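What follows is a set of structures to go through.
Below are two complexes that have chain A in common, paired first with chain B and then with chain C.
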Partner chain A sequence: MSPEPTGGTMAELVVENIVKTFGDVYALKGVSFSVKNGEFVVLLGPSGSGKTTALRCVAGLEKPDRGHIFIDGQRVNEMPPADRDIAFVFQNYALYPHLTVFENLAFPLRAVGTGKAEVNERVQNVARILHIEHLLHRRPHHLSSGEMQRVALGRAIIRRPKLFLMDEPLSNLDALLRAEMRAELKRLQKDLGTTTLFVTHDQLEAMSMGDRIAVLDQGQIQQIGSPDEIYHRPANLFVASFVGSPAMNLVPCRLAEENGQRRLIVEDSNWSLPLPPEVARAAQEGRAPSRLVLGIRAEDLSVSLSASDGAVAAEVYVLEPLGAETIVNVLIGPHVLKVRTRPTFTASIRQTVYMTWNQEGVRVFDAQTEKALG
Partner chain B sequence: MPVSVRQRRPVWKRALTDQQIKIAFITPTLLLLLAMNIFPLIWSLYLSFCEYYADQPESPRWVGIANYRALLTDPEIWHSFQVTAAFVFLAVGTEFILGFGLALLFHRSFAGKGLLLTLFLIPMMLSPVVVGLFWKFIFDPNWGIIDYLLRLPGFEWVTHPRRALWALVIVDAWMWTPFIMLIALAGLSAIPQSLYEAAAVDRASSWFKFRHITLPMVSPLLIIALLIRTMDAAKLFDLPWTLTDEGGPGNATETVSLLIYRLAFKMQDTGSSCALAYILLVIIIALSNLFLRQLKKVKGEL
Partner chain C sequence: MLPMFSFREKLLHRLSILVIVVVLAIYLIPLYWLIATSLKTWQDIDSVPPKWVFRPVADNYQRLFFTVVTDQRGTRVVGTSEYPWRFLNSIIIGLVSTVLAVGLGTLCAYATSRFRVAAKDDLLFFILSTRMLPPMVVVIPIFLMYRALGLRDTHLGLIILYTTFNVSFAVWLMKGYLDEIPKDYEEAAMLDRLSRFRAFVKVVLPQALPAIATTAVFCLISAWNEFAFSLILTESQAATAPRTITSKLGSAGIDWGQIAAGAVLFLLPVALFTFIVRHHLLRGVTFGTIKR
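Now for the complex of A and B:
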């Protein structure tokens, strides 16, 4: 897609403490987040987390029971979708099946009585940006899902709205196309500079596309931050286990005295670690909880066939060669840990290997509250 | 081994091959179809070119297109066609407007919707003969409820040469509007809600949504409903048989089907009645083809 200055107006979105119930089911339990001018924010969560409901509230397709939604400082709770100057890309694309691609793209313009010449010009323009010029006379059922997805995007950008709202627009594509569209969509958003709120359950999509990510679970925001923060400093056990592939290794541990030093001992194992600074501080102040969970990413662990100073003996459980890397699953006591290694690493099942770790990558969570310490 | 096991079984216990099962299932239907539909169709086509009276001893005598020529020049026949055409147009038109309108009203949730819908569907489930009979009472000029409610004692419906057709239209619409409504409702429910949501976000007005989403998406089903109703209305027989006493007053409501019946079973003019039946058949086929062309057009296949 070539850079195309369409001059889309920008806007800021602020969502404050919205609550939405369906019957006696709470879909959203007080959700707040904001999207700055030109920013790409991803709402990430598993199915049923309320992310689509939040998006539909912003669009005006659902009305929140409580809370406020502001677009450019104006409260829009009572405003019908048509007046919010937004474009919505639906998960199933919602193309009009009886209309051609041209007519689908022209629909938002014709709906407000745009002149024929302008409709023509803008449709051609959008078709060129999205490389769908050759499809203009086809109907949706003659398109592949990738092509339909482009038409749906086209129908959104032709409006030059203040705000793009996208509900899992890539989820119906096959894996290869999805990876390709991730990059294209991100570039398109940067070129257009339109403020975007994007919903997905795919953490990889969120990581790769979002300027910021808001992780949602059970109708509540779990963490808001840059992809880097979400990945490296998950705020709680849910975020740690949901984001990243493989997910963060999580094992139960406790504080214990060892040779006069306080250390973290992983339950039922021979693995003990020095305290990370925030845990040491908490322990000093006497507010360290008794039951803890240790979290560490697969790339912060490494294994070797030969013993070294400070390494922990572990048993190989299984190897997952992935081409560019190999994930070694090792047993530390009863716990399976995933370790990212170079693809040339080989070992046989039940072989003893020696595991070392990057102390910087150690995160500690309160097992009771599930929140990160520090 | 399996072969010998199979051969030792008695014939009626042996497994049938797929092919044999297919034949066993199809044959009875095929025979029935041949005896009850295909043969009469061909035989009546032959009879339509013959002079033949079913109650006379003479066998059919080939007369070429004489029956057709006689029929097509007979003003009485034209009257029947006019009555039928007027009825089809008025009845199906009324049913369409009311049925689609009701479907749009029913296409939302409200308390008591299920019950109301069931009540609306009842007329469709009644026998036309029964409907004709009790509407005759309803329309009665002396003690019918319609004239009582309209405070028009003695106002004639089914016995009035012009209003008798309107009576037929009213009763047919009462009976078959629910049918159009039901099919239109099915079409409306099949339109994905997300299309309306997309249109709402895209600032489409209610009329624009109706004109550019609802109507085009429901029209294939509406055309099918119209096709079925038109074919059925063009063959109308039972309602005027009971409601207006065999097409009365006089022959004011004598539809083509009633006329065919009169030719065949009252005048025993089998040849002419077969010819008239074939003329009606050709007209109905032509009409349905018009609908089918329109259907293909709205579905984008033409």
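Now for the complex of A and C:
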């Protein structure tokens, strides 16, 4: 896609402590986040986490029970959707079935009485950016889902709104097209520079597209941060297990004395690790909880067929060759850990292998509060 | 090469054609007989055994529209009859009540389909329950009310009555259809800076056309064919065609020719309307049976 020559307007979105209930059900329990000028923020969460409700509150399609929503510093809680200058891309695209692609793209312009010549010019311009010039005279039901997706995007960008809201716009595409559109959409957003709030349940989409990610679960924000922070420093067990493929390895552990040194011992196993600095600090101050969970990413573990100093013996459970890499599942005591290795690694089931780890990648969580230590 | 059909397939094919012919005959013979009767002379109508071959005459149609007198100076037209006016009454009352019933029904259906309305289910049941009474049960109270309000024998009176009866039907039919239209379309339109009402008009209504056509046909047929209230509530001013046709069943005998001519003309407008909206109709009648 080539950049839109005229560029979009920008805006800052601030959501403060919004609460939304449907009957007795709390969909949002005090959610706060912000999207800066030109930023691409992803709301990530499983289904039922409240992410779509949050998006609809921002759009004005739902009214929050409490809390404030500001667009460019102006409180918009009471403002009807039409006045918020927002473009929304729906999961099912919501292209008007009785109108052609041209008319669909022209709809937001005609709604505000834009002149015929300008409508024509802008529709052609957007059609060129999205490569849909040849579809302009078709009706939506004659389009493939990928083409519908482009038209839906076109209808959003044609208005040059202050804010893009996107509700899982890629989820109806097949895997190949989704991967392609991820990159195109991200590039388009950067070219247009329009502030964007994007909702998805797909952590890969969130990681690859977002400048920042807000992870939502059960109507509450679990963590806000850059993809790197979310991936490497998850704030709690939910984020650790939800983000990343494979998810972070999580095993129960406790603090114990070993040869006069305090170490982390993984329950029911022979694996003991030195304390990460934040745990050591907590232990020193006597505020280390008794039940802990150790978290470590698959790429921070490695396995070898030969024993080495400091390696811990493990049993191969199963191998998952993925082409570019192989995920080795190993048993440490009763716990299955996923280890990312080179694709040439081979071993047979139940074979003994030797596992080492990158101490930097070790995260420790309080088993009770599920929060990360430190 | 021609496709080869087994004996069984050929037999089935012929049987199905036979069935279609029989069914068509059952539907069309009365219609043929009606049209034939309207074109027969009194002698041909009255003959036993019935005449299949006859010389068509337009007498019945002439006498339907004009007052014809026969005396020693011969047969001549002395003025127009009441039938054209009654026919016009039927058209006015039928069309206006259909437009009102479909309009009000669509708005009501949209409201119950999209908004949180207190006691919505009870209200919808109440709306439907107005159809549960046989019209004859309420005819006396309505007669008394209409007399008190001066609505007897007025177009307005019948329009209000037919609209009332049809609106419940329209609400239910339209609601079923509107429920099937995802609300994302209006939301998209509202975010595209239309008001709720304009979004409804620009985005929902065009998609609801099949249902509107279906509802309109049913409402029109029901208002067009209504007989009992027209008979009791009207005399001349607002009398509709069905009531006029039966007035030919007089003490001086039954004028079958005129009744048939009146009935043939009476069939035409509804048939024409149904023909015009037939493309929408097929989709409207089968909605819900096809996963959209």
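To be clear about the criterion, the second predicted complex is superposed on the first by the 374 of 374 C-alpha atoms of A that agree within 3 Å, B and C clash if a C-alpha of one lies under 4 Å from a C-alpha of the other, contacts with A are read in each partner's own complex, and residues count from 1 in each chain.
Everything below uses one rule, namely that a contact is a pair of C-beta atoms (placed from the backbone, for glycine too) under 8 Å apart; a residue touches a chain by one contact, two chains touch by 3 or more.
Predicted model only: the values in this text are computed from it and were never measured.
When both complexes are superposed on chain A, chain B and chain C occupy overlapping space and clash. Legend: residue contacts after superposition of the two complexes on their common chain; A:L130 is shown touching neither chain B nor chain C. Once the two complexes are laid over each other on the shared chain, residue contacts for A:R139 go to chain B alone; chain C is not touched.
By the touch criterion defined above, A:L197 lies against neither chain B nor chain C after alignment on the C-alpha atoms of chain A. Shared-chain residue A:A82: touches chain B and chain C both. By the touch criterion defined above, A:V330 lies against neither chain B nor chain C after alignment on the C-alpha atoms of chain A.
With both structures placed on the common chain, the touch criterion links A:A59 to chain B and to chain C.
Once the two complexes are overlaid on the shared chain, A:I296 sits clear of chain B and of chain C alike.
The residues of chain A shared by its contacts with chain B and with chain C are 59-61, 80-83, 86-88, 90, 92, 94, 96-98, 107-108, 111-112, 155, 159. Chain A makes touch with chain C in their complex at residues 59-61, 80-84, 86-88, 90, 92, 94, 96-98, 107-108, 111-112, 155, 159.
By the touch rule above, chain B contacts chain A in their complex via residues 192, 194-195, 197-205, 208, 212-213, 216-217, 298, 300.
Contact residues of chain C toward chain A in the complex are 182, 184-185, 187-195, 198, 203, 206-207. Of all residues in chain A, those touching chain B in their complex are 59-61, 80-83, 86-88, 90, 92, 94, 96-99, 107-108, 111-112, 139, 155, 159.
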